[in-house]
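Structures are listed in the sections that come next.
Each of the two complexes below includes subunit A, the first together with subunit B, the second together with subunit C.
Up next, the complex of A and B:
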């Protein structure tokens, strides 16, 4: 087996292991879910019957009283209306009817009256072959027959139609949650197994290949530091032992030669032999060999995924959680206080971002990551225990600070380890982990909050962050301190900001998209859905739809934009899609229109953001030359984050002033207007310039 | 530890975690649905007791003077053995009538709390009020006088332990049933991992053997080109070192 050629083989094996295991796990979960459905129905059926019997007894009591007072049951004036009232408000009940002892239907609730007369005949027939005492199955309903007695004789029979679909309806809700769980499990399984296969198989193979390549070139200076023991690392260790033995022999030889030289016994022939050896081969210090490993992008994939998964768990219910702690005060409105922590999050994250870079430079990647993860874990755990908004804000800032450090470290780590080749693919590690975590975290977080409560869900989030810390300790090789990168001059940033056309483009293209994301999707959407009666789980499901739309659309958008040069058109389409999505959401009430609107917003995000950065160099070639592309992109990022920060506050102000519908109308219409402005801007920029623009430095 | 063991253990852990999550979700949903059904059933009883009591004070009697109230409570209380008690409270939360041995001793909440419940029930839009604490499921309905003013409050306390026991049975049964797919899934995952990873492990073992073979002076040339190139260079370096060592020994 050739380590050199085994890259392809191991990639195929990675996919085989990941996909087949995922399929097996999903199949197992489906089997368990089918069992759960059966048990669910079996277990609830007696309770449905008990409920119907209780209702039958209370209704029967009125007929019984009337009969006791000597009123014939055939002459009860308002009995139909009474049965209507009795049936109302019981969602599992379809109808109530009262029949004479001979089986003639005397009174019926509205629903039963709308049915053909033959229906009641079929009810009577069904009771002839009833499956259990007094209960017969008929046309999607279970008919419960309850005798009504007075003075020891049967005066009639009540018939209550129990909706057989009630249990199925309840099961449908749990099935949706289970489908989400299956989807998330599949994603998690693929992420975990891909990362483990990378660590356990691909990495040793790559190291072995490097060791063989160096050795073939006469370089025996490097040694692998082996921590995990399995077949792959043992093969690597066997190869490394050969190198170690050579190095030990060379070290012994050098020492003896030095002694001989000091004693004046070293002949010229030996000196020449040693010099020739040194010229042909390079040997390392056996006590402190140079490391064979180089930090790799994939090292971070699993811990980063788990960390972001934990951090995203509260996405779908965060505004609802803040709202619960809100106490009316004299200064700030509820919507402002609910939006404030989201803006504080962005602020704390931005402020702590440079710390990530500094820690990475001075202490290495492992320490930098742990330095961010520890406050995040504490922050999440204590956020769940907060009893006031002040506490909540404090712990949110602590969590966000850690988040800023971790994401900055991860991005810098990826940037450093992907310098030579596959830059885009390496960046995909970060993007892939964060989008998969967003999808999984949003959906599962909503379900968990619905079932186990907010506090416990934050506890789970903190637990996941702790798990990511363990994984960082186990799996991430320390990159070690490095020279700090060249400091970018603030003057360049200011210079870029002074350029009106750049600033206008950022304000029209980059900032509105972030405003919609944080102000609408993260802030307004959960509040509105909760107001419409959606549970936390359902909110998580709907919001997940938006992330999935973004995840699925992003590669297609980037492919089409690159292939056909549709960058500008895509940005405009994205702005339009986001605006329309928000407008549709404002007037939608049912699940499907709401889903369609968040899908439009998610699609808009992918359309607007994917081609944005790629369109910067052609649009601002002069600024790129003058200030550098890095500085230009940094200014983009900073202003984007200002948009993220302002989004919830702006939405809160509009919500407080005009209510949800007008607020959403304002955001949606604003987005469309800004997109029209962007179209006009791009049109003007596409015209041949008559006056030269001021020169960049 | 082998590759098979490591990856198999990780996959099995994910499988167990996912099954546990499915069990937990179903349990939580069952518990919620059961609670909803039970509340809805108690609501029927509370509305029945309310209607009967209102009929008893229809002629203008004050609520404490309603003669049939005790009978009504006893009848409602007898409809389910898990009903801990049924009480009629006045607007201050004082118990006027009660049924069930534990009605007063085990009735949750202080008089002040119950007075707050009264206010909440009087303001309830659907005519009933409910609350769940760690020991009881409470469902109530306001009693209105002939002028539609709330004068009292029927409160049914249902033993929460009965619901917990039912949910517990569901959990145990489902957990037991889920063991089968779990066992099958586990076995299949192990078989899959064995099938996919064992050959990979064996190939790594063959490589290890090749590298160990290179330590000896005489060995067959490795089949693989990269390993052969490394072997040649390694032997060259080893021989060069040996020559240098010999020449140094000669001095």
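Up next, the complex of A and C:
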């Protein structure tokens, strides 16, 4: 059994165990949530009544005062306007009215005045059979009656209409938040469980298996590095001890034989036996054994997930946060200044990308990751404390630099450890982790911002990045330094860029997808939704829909792309889906059409991105040989990120020039045109060789 | 001793000698007994200034002013306090006057009860008078007063009783005509002038009757010096005729006006005292001290008048207005 197939088997098992644990946790949480929302519901109604009573007391003050001054209650001026003012700003309140002691409605706020006179008769009737003192239920409203007295005499009665639907609406929002939290909890649990089980159980067992397999083949040269001490590792440790002792004894034997040989005391038979031993078994140096571990694609998944989770927390409210710090200036428009930090982000990230590759080569994965995570943590924490746009830009650049290093390291790690046959699926580890993080981050970030504010949410983000640092330090195996494939990256990059077909492919396939992601989804979507009156939490929910679509579609797309070789068709479908999504969003206003459009965009991202990364090596085999996969992927990422950089700026320019609807139309239509261009390009490329992608049996 | 140090010592010496002798302030009153004068004196005392006051009262008679000017020029006090527009005009003269009797031009003058120093021809700008004059305005600006009236009731026809014999009253009337025209309010004006062009106290009741005949929604009573001694008469006539009144100054309210946007006179005097202290103690030239009104005026309603007229303040005014219940 090869380690790979062994890994496949274990992965299935981990899935089952993780899923089961997650289901148990989610079931417990559901029970707790149901209980919590019931308690909430029970306390919300009395709270509303208490609030209405306090308001009634405040409103009554002026009626008291008027009566105390001897003003007849029927002669009050502008009392309707006074009640209008009092009702304004209380969204749960439908109306306020004031009735004489005889039950005649004297003054009423606007809403109550529009109702037929019979309504107030029904109010009086309802109070005849009221359910609790002073509170009566009518169609869609609860009427609270509050008597107003002056000098011991009742001068009238205030009526406050509490919107019954308000309670349901608040509860619905709370339920949605709970559902999202449950969903995110499930996702995070699966991520963490899978990573921990992989690291603590599967990995040591796989290493043990490999050690024994090598041993049974006579190879004792490799030794496991042990850092944890649990059950599975102990078994591995025992086997490792055995190998170490064997190696030590072999070394001692060789030493003794050498001494005997020098003394001429070594017999022919022993020489032959030693030669046979050497031919049958291979032993390692007990002082510096070769490593048993090989870096694996999944090594970085958990810290990467947590890191990206933290970085994505601000996704749903980022443009709104920037907008809040914007001060009108003479040179730049608001939409430009709001878009600028997004482009600065991409620039800083691109500039730091090569650093990630260099650190990975010279210092190993752990140092490379930490070198990116430390500035990110600082950057995020200080972004939340920024008091001006200049500060904000600075900290955003610092954060982005770290982000560039971390993602470049992770991506190169994935590219190196992935087996060619599973290209799309290995890339799926990266894409999956980053989109799962986007889903969790966007949704939870929106809820957090709604409840604890922007600054504190950035604090949480910095905390998550710190947690990812701890995970890198404690759990993740270090890849160790390795020889760099090439030493003149810039020359290689330029060489690749001179290849027109590579450039054209990137411009048609990779850049537009990124442009839609940053320009449309990250920049325009929150601004537009805010304009339409959505709260931060609601914006987070909607944007999360897009990422969920990506997350759910990614494994399916990976699998289909690898199995049936549908890389190209998937990319085209992705472009089309993104373009249509943006066009739909432009004209949508209600929640459901908006959700449908962002789902299309999210699906488009999954369809276009996953096969895209995997299709680079087969499409450009010649360049891979000439410049190396690392260099090709780096150039690919850099140019692709130019799309990310241009996205917000382009969207801001279009937004400033022609308003939201035309801007979205332009982006959507542009996406469709470029996708058509890509189809033509792929068709032309397929003409001369016309070799179909290899199909799996 | 270096030159700056010597200078500093001289300044200190001058300050010490100045604080040794009390300041001499010459007060010229239009009429005795205004709370403004007490507010002015009390402020200077509370600011720790030792002041010796000389008081002259013209009892509403402008012909007495030239003699007082002579006296001030002879005695050369540190500061002159002028109680009204008439007094201030008599002491310092109007801007750009030619062929004028002697005026006070080199002694600081602080006024306390001038409703509109620009209209009265005393200064060009309130920010700095450009002459030996500063002071405190006791009346809210006309647009603010008009807004206050409209917040009480929608206005279609506004009555005003004023004295065209006073220059400041003529400019006030022009401004009010402009403002009411802009707001689409008809303005009905009456005055107490006799055939000789002089105001006549005996004509006040008929003046009010003429106004009542035009049935205005509200009657505005500007700060007219001539009306001051006859406030009681004016207000009781208004009530008898069923006319609601809006007063510009506190005394009119106290005499029974129905409502007004007023500043307490005592506080206006305090503000004038503050400006006097800036001149005496801080050595600031009066030309550079801005002429100001109090930052807060209070909307007051006389409930007995409201009850008598059966006209009650709307709910929003109940929230912030001061109600006089006696």
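Quick notes on this one:
Simple rule for what comes next: the second predicted complex is superposed on the first by the 421 of 697 C-alpha atoms of A that agree within 3 Å, B and C clash if a C-alpha of one lies under 4 Å from a C-alpha of the other, contacts with A are read in each partner's own complex, and residues count from 1 in each chain.
Operating definition for what follows: a residue touches a chain if its C-beta (ideal position, glycine included) is under 8 Å from a C-beta of that chain, and two chains touch if they have at least 3 such contacts.
Since the structure is predicted, the reported quantities are computational estimates derived from the model, not experimental observations.
Legend: residue contacts after superposition of the two complexes on their common chain; A:669 is shown touching neither subunit B nor subunit C.
In the superposed pair of complexes, A:595 makes contact with neither subunit B nor subunit C.
Of the two partners subunit B and subunit C, more residues of subunit A are touched by B. In the superposed model, A:70 lies in contact with subunit C only, and not with subunit B. In the superposition on chain A, contact of A:181 is made with subunit B only, not with subunit C.
Residue ranges on subunit A touching subunit B, taken from their complex, read 1-4, 10, 13, 16-17, 20-21, 24-25, 27-29, 31-33, 35-36, 39-40, 43-44, 47-48, 50-51, 54-55, 57-58, 61, 89-90, 92, 170, 173-174, 177-178, 181, 185, 188-189, 192-193, 196-197, 200-201, 204, 208-209, 211-213, 215-218, 220, 228-232, 234-235, 237-239, 241-242, 245-246, 249-250, 253, 256-257, 260, 265-267, 269-270, 273-274, 276-277, 280-281, 447, 451-452.
The part of subunit B that touches subunit A in the complex is made up of residues 1-3, 5-7, 10-11, 14-15, 18-19, 21-26, 28-30, 33-34, 37-38, 40-41, 43-45, 47-48, 79-80, 126, 166, 169-170, 173-174, 177-178, 180-182, 184-185, 188-189, 192-193, 196-197, 200-208, 211-212, 214-215, 224-227, 229-230, 232-234, 236-238, 240-241, 243-245, 247-248, 251.
The touching residues of subunit A, when paired with subunit C in their complex, are 62, 65-66, 69-72, 75-79, 81-82, 85.
On the side of subunit C, the complex with subunit A involves touching residues 153, 303, 306-307, 310, 312-316, 318-319, 323, 325.
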